[in-house]
Amino acid sequence: MKKYNKVVLAYSGGLDTSIIIPWLKENYGCEVIAVVGNVGQKDELEGLEKKAINTGASKIYIEDLTKEFVYDYIFPTIKANAVYEGKYLLGTSFARPIIGKRMVEIALKEGADAICHGCTGKGNDQVRFELAIKAYAPDMPIIAPWRIWDIKSREEEIQYAMDKNIPIKLTPETNYSKDKNLWHLSHEGLDLENPNNEPNYEKILELSKTVEKAPDKPTYITISFEKGIPVALNGKKMNGVDIILALNKIGGENAIGICDMVENRLVGMKSRGVYETPGGSILYYAHKDLESICLDKETMHYKEMVSLKFADIVYNGQWYTPLREALSAFIDKTQETVTGDVNLKLYKGNIISAGISSPYSLYSEEYATFNEDEVYNQNDSAGFINLFGLPITVKAKMEQALKEKK
Amino acid sequence: MKKYNKVVLAYSGGLDTSIIIPWLKENYGCEVIAVVGNVGQKDELEGLEKKAINTGASKIYIEDLTKEFVYDYIFPTIKANAVYEGKYLLGTSFARPIIGKRMVEIALKEGADAICHGCTGKGNDQVRFELAIKAYAPDMPIIAPWRIWDIKSREEEIQYAMDKNIPIKLTPETNYSKDKNLWHLSHEGLDLENPNNEPNYEKILELSKTVEKAPDKPTYITISFEKGIPVALNGKKMNGVDIILALNKIGGENAIGICDMVENRLVGMKSRGVYETPGGSILYYAHKDLESICLDKETMHYKEMVSLKFADIVYNGQWYTPLREALSAFIDKTQETVTGDVNLKLYKGNIISAGISSPYSLYSEEYATFNEDEVYNQNDSAGFINLFGLPITVKAKMEQALKEKK
Amino acid sequence: MKKYNKVVLAYSGGLDTSIIIPWLKENYGCEVIAVVGNVGQKDELEGLEKKAINTGASKIYIEDLTKEFVYDYIFPTIKANAVYEGKYLLGTSFARPIIGKRMVEIALKEGADAICHGCTGKGNDQVRFELAIKAYAPDMPIIAPWRIWDIKSREEEIQYAMDKNIPIKLTPETNYSKDKNLWHLSHEGLDLENPNNEPNYEKILELSKTVEKAPDKPTYITISFEKGIPVALNGKKMNGVDIILALNKIGGENAIGICDMVENRLVGMKSRGVYETPGGSILYYAHKDLESICLDKETMHYKEMVSLKFADIVYNGQWYTPLREALSAFIDKTQETVTGDVNLKLYKGNIISAGISSPYSLYSEEYATFNEDEVYNQNDSAGFINLFGLPITVKAKMEQALKEKK
Amino acid sequence: MKKYNKVVLAYSGGLDTSIIIPWLKENYGCEVIAVVGNVGQKDELEGLEKKAINTGASKIYIEDLTKEFVYDYIFPTIKANAVYEGKYLLGTSFARPIIGKRMVEIALKEGADAICHGCTGKGNDQVRFELAIKAYAPDMPIIAPWRIWDIKSREEEIQYAMDKNIPIKLTPETNYSKDKNLWHLSHEGLDLENPNNEPNYEKILELSKTVEKAPDKPTYITISFEKGIPVALNGKKMNGVDIILALNKIGGENAIGICDMVENRLVGMKSRGVYETPGGSILYYAHKDLESICLDKETMHYKEMVSLKFADIVYNGQWYTPLREALSAFIDKTQETVTGDVNLKLYKGNIISAGISSPYSLYSEEYATFNEDEVYNQNDSAGFINLFGLPITVKAKMEQALKEKK
């Protein structure tokens, strides 16, 4: 095996990255610097410093990325209405590029000669991390232990940890595979691995109540947007991080944003997961509702197609690519008038529109009503239909003429 | 004004088409044949024969189109997952072409020299009707009274009806503008014309309970599909019409499929409506859930884009066009393996996945799990990422080289 | 007929707009101000002032729009690689919005109460002019004589001109319907109206030699681009207008950019035209060649799809729309590295690549060659193929298992 | 290394596959069966049997795939108008799947336990071959020597051949890397590896004359299509293979279909090649010309987008996938009326339209002309424009109102 002097490790404090520290030292003879990107995973951050050092890291960086995460990754994706395969709000997907980029910055500053991550060889996250690293340090060696070591299962991991005296906390409750941040919490594994099993939400959910246990009274909220970005909640100006935190609480209480899906991973297989995205689901809904009055039809319809591509790109970890940047330029242009207020009623899993307004509204009561108005001349539609339908007429007449010939 | 001998009228028995009968006779000196397409509007069909004759029609056709409607229009659209602007399930849109086509058949059989409809000049339905007529009788004159007569409001209509002794039934409850069929019920007008007004669902809903009044216990159902088409409910083989009727009942009871939206009409303005599509919403959800295990990723992703176009085409009334037919050929091909069972939990407005299975499932627990398996070699992903990411690496190295030059 | 005081007329000095002046005065009792947008139609501009006044206009504006035309309309379209239906380089299409916008500016300055154009009711140009007017003066009345007057043919036009003593010059050579500007010259009508007739290029072509008469020696040129825009020809910095003029000359000499096509008009019918776009064809080719080394694959492929939409929008006259602006934002972002030199060989109708270079080139001889290199590990492709092909493997194994069951 | 009993090898008789035979025997101790797919490479097929046996193969299959190649691979791609990156007509791309599939059939019949190909690890062909194999034998081991052996260059190959007494023919003229079949001939390598080098066509071209040496007299041809497929040349019914052969001759004589491009390989890097596709270029052009009168606008425009995807899929070797099949279903539906005759003039590299006709033509001289006709009421366009432009009007009025407020 190649030797390294200093390796920067994407560290979470979980079982995987805990045993990677001694494994790296043993196999590469290197110093290990742990890096934690704080993207809002909260309680998972507690005690990480002590833990990393105890496990053998020479140093730990705990980087607060929450604000950058919200403004530079989450909001551009909301503006795009990007949803992967109709359901997934990309919570893990866009967290990887921001962490990967910071890893590179630290690795360069520290003069590290490799970067390591603890992602499995069957998942998307390895791709997302590594594409970010390639974008900012194309020559940096990457170590992905799961793809090369002999450990093949959770049981062997635990054994390795015990052999190396790594303190690990294993509780039966926490054994779904999870990913948590400011935006969402995902659950994979165990009984969920059979798509024919109904999820046991009572057991699974952490951010949200079940729909059954959500309150019997609706909660009304108002979200204000400026140029596609949420800027106030219930009339109170707040920064983006706080809006999401507040909506997570309100949304979770009302059982909003629980999603169960089988998705297509980038690496070729299908997987099944349950996602909790309470605040995110509300923001997406509100944003689209506002767009329904602020965007003209052609822009909105084309943007629906762009959304699909944007979601693929984010899911695939291609954040730092010319195409993502060009699509964002498109999207930002469309958002210039997406400013206004959206009222929503939240009730037992439902997000219900309760009124939209905007100074840039393209909705006009005068035109919409079936009564006469001053702008719209109903007789214009006769001409419109004749021309819009001309290709149909021409084709029908061609077919008639053909029939008559026979 | 041109004279006609015999005019076939798309008749509903409502105020609009009721006054059109005497208006046609008066203005064109013609006989009027009323045609009703039964697409499941039910109670609205009662007493139509008598009413039409009393109002001056010489004859009435009440055509049962329900089965054709379901199999030739609704199911192809479900297979396409076509949703207009993210919300509207196209209930009115695909009802117009089928009626328009039957109108032409009757007009040709009867030797009529014009076809008339009562659609407003500001709406989509005029386009949908007329495109259908152009497709099957490109030379047939079309009379659209709302675009040419002097009547400019509901009040003037009522006055005209009274002048002509047309018996009309006006009740304050029914004055939203509605369209009802087997698939859905739409509501427009009045307070809904301001998108900032929250809908008064207690007052509006007819097919569905409000979310608040839906039962506190969930309802579990199983829908079985064959090649993308629903064929059984809860294990019982049923024809498509009965499945929709049954799901409307179950869905309505559980407050499923209520949608409030501002949409872009084809004729250029935005309008706001509330839609009830209880059974339809369940079928769409179930169908997509099943596709998530039966379709491979590339097919599914491309089909997401095709869905957008299909929705536009249906919304625009372009059913009888080469493009719609070609898109249907694409879609039908993708549906060959969309066969299996979908379990759903319905609860107070929520449709919740509760297990999916298919003999053609492409989901494999073996690959999905993070443990080792026999097919998937985790180390393959290193190569995959290097090549998938090669354009990123190349670009980053080009930028590095440029920087070094400076 | 409504009366107007002052009407601004899009004036060309041709037969149509010449008789419109007296017709407007006669029918609306108005003063007529002629406006000519100079977009490079050259000799067609000669003597226009005198002609307009003699024909009855009170005033004429001849506006030099060439530079704005090139930088704000032509270059954004080149950057988009927008081609309508695979052949048409949009020469007339983007000339209409710029003229329409200037018409509005003059109309507002002059306090005119209507704008008039001489476009036929069967063509695209009426749409393009009027959409531009609506964008900048949504309430301005528009007069389109061809849609309302009694004149129904060229013969009746000539008669009207003679009745009104309008001096007209009719020569048999000029009786194709033409549109000329800096970018192109189009030909429609006469024998071209049957798509089965081969064009008589000897008779038709004005900007270009026929392929047969083009010189027997090739011409080599080098075009330099910065951020997608041509900035130099054969190493000499030139402004955009001069580059196009020079390339028109060189291209015309070498029979470049002659195109014969049947196209779909926006107003629903097909039409047939011959286009000469010598310089434009060269610029498009060169720009795409340069992009082939400067854009990464995903950006280029997505941009191919955007090109199609951009072409539709330009063709349809929807230049001043949010979607066109948002697409331009996308495109501009992609052009940031489209800088470099393209060598071309022009020979008897052929544009032949003769070498491309760019400081931002993503082409790497090292990777491309089949020999070993330091970055690309050939064994990576085994992993790549296994994962890229995993959906195929999974499907094949599912089918195998199904077969075995039976 | 794993041992195999019998390996089926994709054999061409070139240097690569010649040395692979002894290499396989040496390294796997296996019998080697050579398989040649005859897809029209002609003279390259001569003497292959003797050569393969002499080199150590136990058996050789020379499979005539030409007819299947034309009807099941080439024609579906012509119908799609699929062009990769605007230039490449996919000649190598669709030849790989057909050969790969036959390899599997022979391997299964022969009871072989592995399949081997001689493609480089940096190219597309390895992917195309292997995806075909996975589709029909998902468990079949694949041996790709270039990705695993120690031979790293042409020089080492030659040395290996001499060591093993493999008779090889090396001539300086043939040292571009080439791929030849019925459809095309490609050239890569040497001086072409620098995109700034102009190709030396005198030296490179084999199927075609240079544009300079093509005859000074044009050649006129007529191609007849039925449902998108060429069925006759100059009025003579011919099968597809013969049409392509004849057009290759005519096209090559007239220097048609020479293309020089930098393309994006699937495996992530750019490469540069020169392609000769004389007959293919003519067929593509003719097919699109015919579509211009047979397809309605919406179908044609949507199909332009589908073409891009179809090209990607073919290029990527994803022929045997549900998405390719579904796209073909779409395309076939559009081709039902693509029947008619196309006249072309071929002259020194130019394909020039010389008349199109079809019994299903949607072109109507009556509508296209600017004179009055019976179907098209010019005044209809006023209504059309008002509604088509309504979103522009609405937006302009909203902006006006906003301005007035300020």
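Letters are used for the chains, namely A, B, C and D, taken in the order the chains are written, and counting of residues starts over at 1 for each.
Keep in mind that, in the parts below, a residue touches a chain if its C-beta (ideal position, glycine included) is under 8 Å from a C-beta of that chain, and two chains touch if they have at least 3 such contacts.
Which chain is which protein? Per UniProt: A, B, C, D = Argininosuccinate synthase.
Note that the structure is a prediction, hence the values are computed from the model and not measured.
Trainee: Could you tell me which pair, A-B or A-C, is linked by more C-beta pairs in contact?
Mentor: A-B
Trainee: What whole-Å value do you get for the distance between chain A (Argininosuccinate synthase) and chain C (Argininosuccinate synthase) if each is reduced to the mean of its CA atoms?
Mentor: About 41 Å separates the centre of chain A (Argininosuccinate synthase) from that of chain C (Argininosuccinate synthase).
Trainee: What whole-Å value do you get for the distance between chain A (Argininosuccinate synthase) and chain B (Argininosuccinate synthase) if each is reduced to the mean of its CA atoms?
Mentor: Whole-Å distance between the two chain centres: 31.
Trainee: Out of chain D (Argininosuccinate synthase), which residues touch more than one other chain, so two or more?
Mentor: 264, 267-269, 296-298, 318, 321-322, 361-362, 364, 367, 376, 379-382, 384, 387-391, 393-395, 397
Trainee: Graph shape for the chains shown, where an edge means the two chains touch. Line, ring, star, complete, or other?
Mentor: complete
Trainee: Quick one: in the complex, what on chain B (Argininosuccinate synthase) touches chain A (Argininosuccinate synthase)?
Mentor: 85-86, 120-123, 126-127, 130-131, 134-139, 144, 146-148, 152-154, 177, 189, 193-198, 211-212, 216, 218, 258, 260-264, 266-272, 288, 292-293, 296-297, 300-301, 304-305, 308, 312, 318, 320-322, 343, 345, 347-350, 352-357, 361-365, 367-372, 376, 378-382, 384-385, 388-389, 391-393, 395-397, 400
Trainee: Note which residues of chain C (Argininosuccinate synthase) are touching chain B (Argininosuccinate synthase) in the complex, please.
Mentor: 296-298, 359-362, 364, 367, 375-377, 379-384, 386-388, 390-391, 393-395, 397-398, 402
Trainee: Give the list of chain D (Argininosuccinate synthase) residues in touch with chain B (Argininosuccinate synthase) in this complex.
Mentor: 264, 267-269, 295-296, 298-299, 302-303, 309, 318, 321-323, 325-334, 337, 387-391, 394
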